[in-house]
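The same chain A turns up in both complexes below, where it pairs with chain B and then with chain C.
Take a look at the complex of A and B:
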């Protein structure tokens, strides 16, 4: 019991620290590319703490308050059901009770809570942000889940632990044995991280802060925290599925960071798409590859047999 | 040979105005200091482009001036902002919007007045529909004088504000809370019929938090 509590707290702490450091790095790299100094690597931590210590004087009814709490709870549970390390008793959370299918469900809690909270605020800009978010969700969910299904098919299990255990050694990493699934997942994954070119929801400069338009003060701090933790949970999930997991925290950080660098490099080069362009893209490219891959992995072996 | 030390003449005067002396420093606990320190490292700015000074705020975010290295970054809405920059003269029409935006900001909040027009009306001192002293309607924490001030001057204003925040003590929003009746009377005198509806500010009377 004691072990589970300490372990859960450690997971939440690790994902939070990794979250703000990764995002701080992202902002600094972005600044250097634009030939300026940029903020310090701790900047996201300062921003987040500042929001936690601001006042919160507005209220749009109970749902406005519970929405961020639902999103936050979703982020916590997602973090706790993704195993951070393999062959270790630490940083496991409750992952032995869950599997990939449960994680798929938990990933949708965030957008749902968002829609509830923003809907009760009644701000038209917020509703516009939610609409854009749900439209994009329509595009990215299908290829993303198709990619996860491909991984489950390949290993014939939905347990993340078993998938990690199957990838012993570089030659057995998911990215080597099943590169098509990695490609299918990678693009929706960038969108799920809310990174350019698919950042149509927050869309800085284009729409007023998207769904977060009515949030300021502490609730915005909560939303920022869950965003950072959720990003790390997704990164670790992809590391578990394709990069063979990690046996200690340093390896975990190194692998997650290299994956982060890959997505960052993609998002720095490509500018934002329009909402309908993004959905179009998802329905054509990743979904097309995904369907081809399903045909290749499911039907071809049975024909040749 | 004459050596310039830290500052001279009117520059010293300015520095003294910006940073209160040691005697005034408020004693606070370690936690308060830590929070204040983080707070000054992260200022979200709501840039209110009212006058010609607005044109000098845009370059702040560009690679040349790079205000982000001080943790200063633009906010999309008043709800998320810490600093309201009033860039120049305020017509009566815009004054109303500025008051509304200011009251929507979450505390702690600060205001920077940019340009001579916010101090004494500047070259609009005898205009029929321009507010002369913005300080009479909403509390201003830092003035940046000049017509128009360069982006460097604005950055200096921000740095002075950061020092203020770091030192703690009372800021403009405390004043606004304490003297709300005085501010409201002034606003009513200027705006008359156009006064924002009472529900936008009556929670100030209700003891603080709505």
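Take a look at the complex of A and C:
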């Protein structure tokens, strides 16, 4: 019991610290590419704290208040159901009670709860943002899930622990044994991270037609925190599935960071897509690769056998 | 007198429950010589009888509200009895009688609505009669093969025989289930039926088609597996059925998003949900059948809940279009929670049981290696989030858009009691995903001679592909929610309620009461810009049916040419045919 409590707090702490440092680094890197100095790497932490200590927060009723609470609780739950380390009793949370499909669905619980708050605010532009978000989700989830299904099929389980345990040694990493699945999930994963070029839902210039339009003060702080933590949970999940998991925190940070660098590099090069362009892209390119992968790795072997 | 009658009606609506509790053994008697009628309760029928027992009294409550429509009550009783006969039937004669009673009583109930128009009622009865006649034809073929009406497996049918039976029965049940392109009677009839009865149509009557679909493979024990061989790790014949189901789900989901009427949206969502069930039946493994039954259970609970909530909204506001509602969360809070729990179950979000059901189906698809089907199913089930959001945003959030919505009060208690009970059941099954497996689904699987799923404990759903623990999940989420809210309130600073509903960040403008601020009608319209979705929404089955009608007319005209209006010609034809047939028999040595 005590172990579970300490472990949960540690996971939440690790994901929060990793979250603001990764995003701080992102802002630095982005600035340097655009030939600016950029803020310090701690800036995200300062911003987050500033929001949390605002003296006044505007609310539009009870549901508006509970939405960010649901999204935060959803972020905590997601983090606690993703195993951070393998072969360790620490940083496991409650992951042995869950599975990959559950985690994918948990990623969506919070944002849907927050969508209620956005609707409750009575701002039509916020709701428009939610619809954009749900539309993008509909686009990205199809190839993303297909890629994960290829992994589940490869290991014949939906347990993240079992998938991690099967990847001992570099030669058995998912990215080596099942590279097509990684290619299939990579771009939808960037969209799931709400990163450019698929960031029309929350991009700074789109705030006025985005889900966050009515939120300010401490509630915006909550939204920012959960976003950083969710991003880390997703990064760790992909590390678990494709990069062999991690046996200690330093390895975890290194692997997650290299994955983050890869996605960031892609993000920085491409201009933002409209929602319908993004969805159409997901259904043509990543899904197309996914269908090819299914034909090559599932259909052909069964026919030749 | 009236009170006595209403009490009696309510007791009759409990009859499926009584039947479930008291029935043991079986009844059997001779109808005419050689043909025996047989009533028995198989585990599969018992499962669907449980669903009926759950839904019947809960739908009866809102129907009992004064002023009640007595003919509707009588028809409802008849419908219930017909469905019970259908489920108890051990022979095809009683099955068919039950099916017909169900068809006709639900048709007459549909007509009791003042909104039912000619086109809707005609398409309802046309499709349902087509279903019944296909069933009858199938039964006659079955009788010609076995010489008996008892529902049991055929001993080694030849391929054409089995195919004929499959086509006749399959079409009959698929019409009832409403897969594409046989669905067109559903949206308008669910929409125009009396509000409380729509809940029963969607929740229970459509399940009889599912019952038939699951019953069908038991007629030919290894038919699905041996017909066209196997595709990857599942039956090739089922692969077709599964695609029919998934395409139904995808198309119906996008249609649901584009609806502007609450009940039509729910009707299309029913089609989509039953499409998932069809897919799972197509996979046919024990995991998949468990998933199909679980989906049927969840769909019954969720759709009865949602249709009753919506009926309450329509009753209190007089509005059914999304654009005319809004902001009911403050006026109808219990209905809000009803719809909220309903859409969480409908979307298959954890921790409610919709997730457990979808999990079983997903895993069964991975197990069968049918990944493209899985991807298509994910498309439908993610797109469903959009209409779920529309269903809660447009009536309950945003701004009130009509006088009815501005002055509405909470629905009366006959509408609220069923909602609260159903919410409780959904949360219970969500906490204990193994409960439904252990108590309801495993007995059916054993009865169908399949491997049971098994539940380590009621809190856990366990499959060979892993599982999850509902209690831990709910506890973690609940504790996280309480902690987050508590910590938030402990922080320095205060919350201030916005001065007016128009106190919004509105692109630098200050909106007034005349500014259109409700997004209820337009939501989802922009989806048409996605090429695939736009293409799907432009298609319709109307053209297909108009073409079919045209062909029928042409065929009738061709036949009509034979009739030239002179009786002599007809007599001549008759004589020629008689002579020819006599000659033919004589030549073959028959005479």
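Basically, the second predicted complex is superposed on the first by the 300 of 305 C-alpha atoms of A that agree within 3 Å, B and C clash if a C-alpha of one lies under 4 Å from a C-alpha of the other, contacts with A are read in each partner's own complex, and residues count from 1 in each chain.
Simple rule for what comes next: a residue touches a chain if its C-beta (ideal position, glycine included) is under 8 Å from a C-beta of that chain, and two chains touch if they have at least 3 such contacts.
Everything numeric here is computed off the predicted structure, so don't read it as measured data.
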Considering only touches as defined above, state whether A:290 meets chain B (first), chain C (second), both or neither. second
Touching A:34, do we find chain B (first), chain C (second), both, or neither? first
A:57 in the overlay: touching chain B, chain C, both, or neither? Say first, second, both or neither. both
Output check: A:208 vs chain B and chain C. Expected answer is one of first, second, both, neither. What do you get? both
So in the superposed three-chain picture, is A:217 touching just chain B, just chain C, both, or none of them (first/second/both/neither)? both
Mind working out whether A:43 is in touch with chain B, chain C, both or neither, as first, second, both or neither? first
Chain C versus chain B, contacts on chain A by residue: C
A:153 contacts which: chain B (first), chain C (second), both, neither? second
In the superposed arrangement, what residues of chain A touch both chain B and chain C? 53-59, 208, 213-214, 217
Residue numbers of chain A touching chain B in their complex, please. 27, 31, 34-40, 42-43, 45-47, 49-50, 53-59, 204, 208-209, 212-217, 220
Counting only contacts in the complex, chain B reaches chain A at residues 35, 38-39, 41-42, 44, 63-64, 66, 68-69, 71, 73, 76-82, 104-108, 203, 209-210
Of chain C, residues touching chain A in the complex: 232-233, 327, 329-330, 340, 347-350, 355, 359, 362-363, 365-366, 369, 371-372, 374-375, 378-379, 382-383, 385-386, 389, 392-393, 396-399, 465-469, 472-473, 476-477, 480-481, 483-485, 488, 491-498, 501, 503-507, 516-519, 523-524, 526-527, 529-532
Listed in rising order, the residues of chain A that touch chain C in the complex are 52-61, 63, 65-66, 69-70, 72-74, 76-77, 80-81, 94, 97-102, 105-106, 108-109, 112, 115-116, 119-125, 127-128, 130-131, 134-135, 137-139, 141-143, 145-146, 149-150, 152-153, 156-159, 162, 208, 213-214, 217-218, 222, 275-276, 279-280, 283, 287, 290-291, 294, 298-299, 302
